Amino acid sequence: MPYKFQPGKTYMMPTHFGPSLGPRQGEGGRKFANLDSPKVIQRSVSFLTNREQLEELLPEGFEVGAEPVVTVGVSCMTELEWLAGRGYNMLGVSFPAIFNGKEDHVTGSFLTVLWENLADPIISGRENLGFSKIYCEIPEPKVYRGETHCIASWLGFKFMDLKIKNITQLTPEEVAALTSKQSGDGTLHYKYITKTGEWSSADVSYAVLTPSASPNRVVKEVWRGEGTVQFHKATWEDLPTLCHIVNILHDLEIKEYRGAVVTKTVGGKDLSDQRILR
Amino acid sequence: MPYKFQPGKTYMMPTHFGPSLGPRQGEGGRKFANLDSPKVIQRSVSFLTNREQLEELLPEGFEVGAEPVVTVGVSCMTELEWLAGRGYNMLGVSFPAIFNGKEDHVTGSFLTVLWENLADPIISGRENLGFSKIYCEIPEPKVYRGETHCIASWLGFKFMDLKIKNITQLTPEEVAALTSKQSGDGTLHYKYITKTGEWSSADVSYAVLTPSASPNRVVKEVWRGEGTVQFHKATWEDLPTLCHIVNILHDLEIKEYRGAVVTKTVGGKDLSDQRILR
Amino acid sequence: MPYKFQPGKTYMMPTHFGPSLGPRQGEGGRKFANLDSPKVIQRSVSFLTNREQLEELLPEGFEVGAEPVVTVGVSCMTELEWLAGRGYNMLGVSFPAIFNGKEDHVTGSFLTVLWENLADPIISGRENLGFSKIYCEIPEPKVYRGETHCIASWLGFKFMDLKIKNITQLTPEEVAALTSKQSGDGTLHYKYITKTGEWSSADVSYAVLTPSASPNRVVKEVWRGEGTVQFHKATWEDLPTLCHIVNILHDLEIKEYRGAVVTKTVGGKDLSDQRILR
Amino acid sequence: MPYKFQPGKTYMMPTHFGPSLGPRQGEGGRKFANLDSPKVIQRSVSFLTNREQLEELLPEGFEVGAEPVVTVGVSCMTELEWLAGRGYNMLGVSFPAIFNGKEDHVTGSFLTVLWENLADPIISGRENLGFSKIYCEIPEPKVYRGETHCIASWLGFKFMDLKIKNITQLTPEEVAALTSKQSGDGTLHYKYITKTGEWSSADVSYAVLTPSASPNRVVKEVWRGEGTVQFHKATWEDLPTLCHIVNILHDLEIKEYRGAVVTKTVGGKDLSDQRILR
């Protein structure tokens, strides 16, 4: 007898071995609370660029938000419940945007691309959530003489350097003030899956939102400082699957740096509140 | 101005940086001929198991083929054009199956799962082709005293050993005879993508076929020998995203080994003939 | 003109490119202060074993110390000055021992083996310091539901599991008391280098000491808890360079566990006080 | 009872677990024949440089040979007996040199540095043989549109590119002629081990020779072509243990390329004929 999909369960390819195991579904379908974990250190650098350059990175229905400021963030995550306590690292590029749909009108941070150094969350993040996750190597940051240096590479070709220095820690009051400030409705993405055999058509094509609420996420410490970020021009031979992305990021004009932020947080959510925008 | 999807081009997330770069679309949309590359060494071991155990691995519309023989194959690929000459390795588990659709009635090899040790082909293989590709580490095989030993692991947990020995090379005539033998209509898969926010629903859910024709693929050398394969029982802590798959493969009864095959081939295809079965 | 060795400088192979760069000699010969770095988290588990089994691991001139208690420790080090802010991990196995030389009579901790996951400190540690450093993979520990799990593997073969749970943090007073307690004269090692061409003779063969003083090392936090450690029996095929070591560690009887300790420290020394024992 | 060193056996740190396991001593002291393995593909590029620049890379007692031609070679080795059938890769830089000792007068190829991507052979090669082996990442070469591209990196910083194209295969007669040509007495090295605690003194300091004879090594195929090689300038922050080496190699003037060679060989020796030069 062929198997039947169990009702109420999430599946991912291969579907043949039962419901998938991932961030939103553990053994026997159990959920992960994300209460005292993961532990995350995020290091980000922001810069002002041209509104026109960012507009060209937005699908239809979207427009650039209040100010064309790009944030490049490197996150090191440990103690992830759904990975039985392992961790991985991420590199994201985002900017403020507004989505004007037929039903939904939301403002938030548009996540243009999110590199991760582990395939498992890439797969579930793309297919379940519509995150534009792709793969690269993201080693632990180096810290030397007060400067933190993050890099990203693909099969040995380094395509990004992010450096942060002169950081000063915020007081608990400053952290509290920062946390209470609403940063919009959440994170905006565009989910897209090619239709097999009709290579320029889509099986899936819609905007999605990660709502900003994350009640279990506690900001432990925040520092502010100075930072720089560089994406390095690459040939197709250097980065045969990524060069188009990296070169557009390289070409973004850096009109003015807007500082660096280092944030330590504990706790999170399983992103099961991710929703389609219409 | 937001970007528009260019007609006739394939996109993958992130779609914001232009048409994707991958196996079926290079810079400027060019195709890859796959004429003198890739170079592939495939090492496989087959065994007879219970028809009932395989039936449970088939989605509706499929049935087990002539004989319930599972083939576990490790492929080492080099000189891939679309990766500008790099390579990667694969571990697949398949068995003969028949698909009875409304329109299509095809026989072939059902690929239950295909592990690969590089994220880029996993992403395009899943989303574009509907291959059940997932990630693991697949180091180069060891060869010692006439025995070849392939392993697969995930973040340090080894879950498979495949060993081949006593191989003898086929004559060119035997190779020619082997190649001319039709092995069915191709490779069968089931493509499935979760619908965001409706976690037990699907955005995409259909059977797909990789047609068997591959005119540029030349079989250079073939050996036959003896082999064994073992999947190792794992806890959720060992393999929090893979244990359900590995443990079902571990539980397949090995009633009788059906020998090992080592094949060296050159050339291939871009799989743009992949098609939906109805 | 052939080069001459510069007086007052340390050299390592290759000597042809000038004085070596390493933990005790940076660019232009500068020293590293190790004041606010490295940052180290050490997780260790101890157990009582048989005095006789430990005696067999000691070279002549050494004897087992007060109690035959083995400590297995995994250290994760970051922000190393001499690596320009990078880090690496270590796995050491030690027990109390006494060295009775012609001139020196010292007690301390005998470091039987120290695995590290980076070749550069292995080379300088062996040749300059006489540490018995060898290579293995030591991923970041997993932390799940209050249990920390450290593993070690070599080319995919996992040979050690160390687990710690139920930890409680020491008060600052307890930490201070712990730190003031002298743990002997330091760490004991045996340096040995084969003579080329006379394969059973030595170019170098002497005991060495790492004195315990480390004035810049500050203990930040300490936890105590329960732990277990297992070395896994290996064949020569599994670990062709390590099986003799791992199997002897596997065979050590665990008569009683003596608890686990987690220690966070900042600062250290360049070990230039390492000295030969006579 | 402390252990005694067994007579006739080779030891390496840690000496406490019995005789070492390595290329010249397996389990129970057995030797490795290296008859049908390893399999090696070596890709090398040569160039004419300044005699003066090479003289500065030679220790006392050495002089540059007939012509100041540097050869940079990348070797991919598989099926190594002493690693139970595993493999690893190497990157060496050598040039012709003459050693004039008190007793020995030999000509050969001076191996200035040999990078390897596995720590185990680095340790035994340095300590037992006096090879100037150090660590870096050496991925499998890429082959695209007739060009082979080898790279080397250290913790993500790429420091070398070697490219070979337009290769033509030699006839069996040409290969035979090439093989019979004596290339001098062997490979020259300088072994050096720092004395612990006397940081500018040496425990070991002597020239060594790898004799050229290797009766079990069979040259299977040879190609000649064109090639280029580049070492990339690095800061101390990029390569804190290697920058002095890489930058001197970067500064070698390339007056004229002398072609590229690709060689496939099977078989070798355990290098137990390595000897000290006097």
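Note that the chains take the letters A, B, C and D in the order they are written out, and that residue 1 is the start of every chain.
Basically, contacts are C-beta pairs under 8 Å (C-beta built on N, C-alpha and C of every residue); 3 or more make two chains touch, one makes a residue touch a chain.
Bear in mind the structure is a predicted one, so any value in this text is a computation, not a measurement.
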Contact-richer chain pair (by C-beta pairs counted) among A-C and B-C: A-C
C-alpha-based rotation, chain A on chain D, 0 to 180 degrees, nearest 5: 180
Centroid spacing, where centroids are CA-atom means, of chain B and chain C in whole angstrom: 44
Centroid spacing, where centroids are CA-atom means, of chain C and chain D in whole angstrom: 29
Chain centre separation in whole Å, for chain C relative to chain A (CA means): 38
Residues of chain B touching at least two other chains: 83-86, 144, 149, 155, 237
Residues on chain B engaged by chain C in the complex (per definition of touch): 137, 139, 144, 149, 151, 153, 155-158, 237
Footprint of chain B on chain A - complex, ascending: 1-5, 7-22, 24-27, 55-63, 82-86, 112-113, 118-120, 122-123, 126-135, 155, 190-194, 196-197, 199-200, 202-204, 206, 208, 236-238, 240-245, 248, 272, 274-276
Chain B-touching residues of chain D, taken from the complex the two chains share: 37, 78-79, 81, 83-87, 140, 142-145, 147-149
